[in-house]
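Before I ask anything, let me first share the structure, which is written out below as structure tokens.
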Amino acid sequence: MMVGVIARNTFREATRDRVLAGVVIAGVVLIVSTQALGPLALGEGTRLTVDLGLSAISLLGLLIVLLVGTSLVAKEIERRTIYNLLSRPIGRPAYLIGKWLGLTSALWVVAAALGLALWTVLAVSGHAGQALVVLEAAYLASLELAVITALAVLFSALSTPVLSALYTLGAYCVGQWSWDLREFAHQFPAPLGAVLGAASNLVPNLPLFNMRALAAHGESASPAHLVIATAYAAVYCGSLLALAAAAFESRDFK
Amino acid sequence: MQAITGDREDRSVPDRAPAEACAIRTVGLTKSYRHPWTGKVVSGLEALDLEVSRGEVMGYLGPNGAGKTTTLKLLTGLLKPTRGEAWVMGESIARVESRRRLGFLPEQPYFYEYLNGIELLELTGRLSGLTAQDAHGRARRWLGRVGLGARPQLVLRKYSKGMLQRLGLAAALLHEPELLILDEPMSGLDPFGRRDVRDLILEQRERGTTVLFSSHILPDVETLCDRVAIVLNGRLSRVATVGELVSGSRQRVEIRCTGVPRGEIAPDLRHVLERRDHAHETVFLLDDDSRLNHVIGLLIHAGALVRAVTPQRASLEDLFLAAAGAAADRTEARDEQRRSA
Amino acid sequence: MLLGALPPRVARMAGAWGVAIVLGCAAYQLADLAARHVPRPHPLEELSYYPSGEKLSLATLGHSDSFADLAWLRAVQYYGEHRRSDMKFTRLHHVFDILTSLSPRFIPAYVFGSFALAQEGADFAHAEALMLKGLEANPTSGRLAFELGFLYYVRPGGRDLPRAAQYFEQAARLPDGPPLSRRFAAYVRQNAGDFIVARALWRDVAETSGNRYLREMAEREIRKIDQARATGRAELAQKRLSTPTVVIRPVR
């Protein structure tokens, strides 16, 4: 119940933030304006719209996490608003999970809004049949945003707003290179190669949530892909939030 | 009620949860901070042994940096103790449940700027275990009770410091806690606001709520508290009723006269009598009221006209400062002993 | 039970660490599983052949297809600008190389790029390389195989009939190969003098085509081949093919 109260309040905080509204508007404008580029794309206008639209969901979502998510906990500590929460009968893990759930919900609303805008633009240009593909890609992008938000909550619980934004961005970059890291690992001899291989499994495997290449060609993701991605997002988020809870438990609020 | 001083060495306190008569009980509660780079340890609170009975109002006094806020934050779970234990309403402070029957007002409360008064009180009510409906009803009531009901939709970004203080009180009282912990509840308030807070505290006392509050405004502490605990340099210096603290001291008397001839004070009175000459009168301050009749007799005999005799009761501030001085002397003596040992 | 013996705070921390480790291990295993079952957005061995493309792809942080789209717009503009002006396409190869490294499955980029390079760019070597790169990244693309076959067929300065035939046949075998792949293969084999293979291909067309005209055409070619073989006069079945040159008409 406490998780729900915190989540609802965090959702309210995120949606009342002008950043979110600005980002959604920017995203819709971007998606609609891809239609203007269609004539220049020599027949590849649909691919362009799908690619840029899905990239917008992912990158604008990342922007929201960096601007809003990284100060979720850190700013509360800095501004001391956290005193009024943690002096009540709410456990610290419940507080962190509520924060994560609230912002993730807001991000999923953003992803749904932009996904709907994308599908509308495609439907208007005669490609309504891409609905399932766009839905799958937007779903995977939403899972990616949930993982990035969990990273932001972890860093925000440990550090200042600015540093936690930098750490989150760093983890995002490393995560996008995780599969390349795995390939690099094969080129090195045993001890280093094993370490790199292990590291590639430990960092967030964000390419797992990337089906933009498939979606741009109108191809669907396999059921196995969707199941593995969902399971991975769930356990990885759980692990990050548990780590955040462990670190947060011993934190003093002077 | 037994007075507990920080000097007591033997502590035969059983290591178990206390009886239900205590609202707050601490045993050896200590908080120290270790610098992450140098490793140097700084003590915030040292071996606090304190009991606050149910239904009493206790004032918690100390200069800045004495450990008052540290104590209150330890009791409310915002800080983790380095050593020792404490119980709030029978529950160990290590458990989340200890905060269920507690209402806390931090010093200079900060709230979410994007919420309005009603929303904030509803949130805090829900977090204290109220249902949504209950929280909503009480939020409206308490907002009015603390004088903020006229504009319930006003966002907190636009609240003044005094308004935030009042809102913080409402948030602390909304769920009808059995124990109130207030850190400087009068700070930021004008005299009217301070009067309202005093009335609130008295009202809570009538209800049987236990109140522990820290304050610099000593007259308020004198009028509200059953007992006072004084903490200095992280250690509990003294706990006693206000009456015990004040009545044990000698009373000063102020004597206002006119027509007092010039001259020196008699040698036997020099250490208790002080003379201050003003333009139209002379004021004598007598430290020992047992010699009042003798002094008045001398003044009349010298031809002076005694206009007024006013007893000057030693204030809590005087005692506080005296206690602070005595504690500093004791600390120095102890350190001296250690050095010579 | 063990946690119950610990002080509450320590128990909570230990519990949180325990959950983090268990879920972390599960995530580790799932990451490994995903690497084996989920297709990569782009293969590394592809990128390692083109250093610039590899660096760029890593910098796009998973958004390489969007960057490829922007590069496509740039490539089309580049082609158009120089087509209308100086007809110099020195950077065309580089632009399409980057584009296809970013998005290896972007089939039209290979096709457009290769023919632009071969024709206006007068750079058949790079055109061929680009198309081969496309086939390596998309081995099941019948369309690419057909286009590569056609590229060899219209090679400026001299048609490469054996290679053209090879790729037309490959296209014919692939599910998305254009239907005319088989008869193109037959035609090219025939004109290269490979009558046996050509006849087999024409027989296939005659038996399987749904178009009467195509079936009749196939039968005619089979008769020509049979006659050529019987008389020893190959010219009866072969056409004299011209040498392709690049003819670029100015854009008005």
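Observations, loosely collected:
A, B and C are the chain letters, set down in written order, and residue numbers restart from 1 in every chain.
Assume a contact is a pair of C-beta atoms (placed from the backbone, for glycine too) under 8 Å apart; a residue touches a chain by one contact, two chains touch by 3 or more.
Note that the structure is predicted; figures quoted are calculated from it, not measured.
Of all the chains shown, the one with its CA centroid nearest the global CA centroid is A. Ranking all chains by how far their C-alpha centres lie from the centre of subunit A, first place goes to B. In this assembly, the C-alpha centroid of subunit A lies 49 Å from the C-alpha centroid of subunit B. Subunit A and subunit C, compared by their mean Cα positions, are separated by 34 Å. Averaged Cα coordinates give subunit B a centre that lies 82 Å from the centre of subunit C.
Residues of subunit C in contact with at least two other chains: 9.
For subunit A, the set of residues touching two or more other chains reads 91, 250.
Counting only residues that touch two or more partner chains, subunit B has 80.
Residues of subunit B touching subunit C in their complex: 80, 92, 94-95. By the touch rule above, subunit C contacts subunit A in their complex via residues 9, 12-13, 16-17, 19-21, 23-24, 26-28, 30-35, 37-42, 44, 58, 61-66, 68-69, 72-73, 76-77, 103, 105-106, 108, 112.
Contacts from subunit A toward subunit C in the complex involve residues 37, 40-44, 47-48, 51-52, 54-55, 58-59, 91-93, 172-173, 176-180, 182-183, 198, 200-202, 205-208, 210, 212-214, 216-217, 222, 224-225, 228-229, 231-232, 235-236, 238-240, 242-243, 245-246, 249-250. Put simply, subunit C touches subunit B in their complex at residues 7-9.
For subunit A in complex with subunit B, the touching residues are 2, 5-6, 9, 12-13, 16-17, 79-81, 83-91, 250, 252-254.
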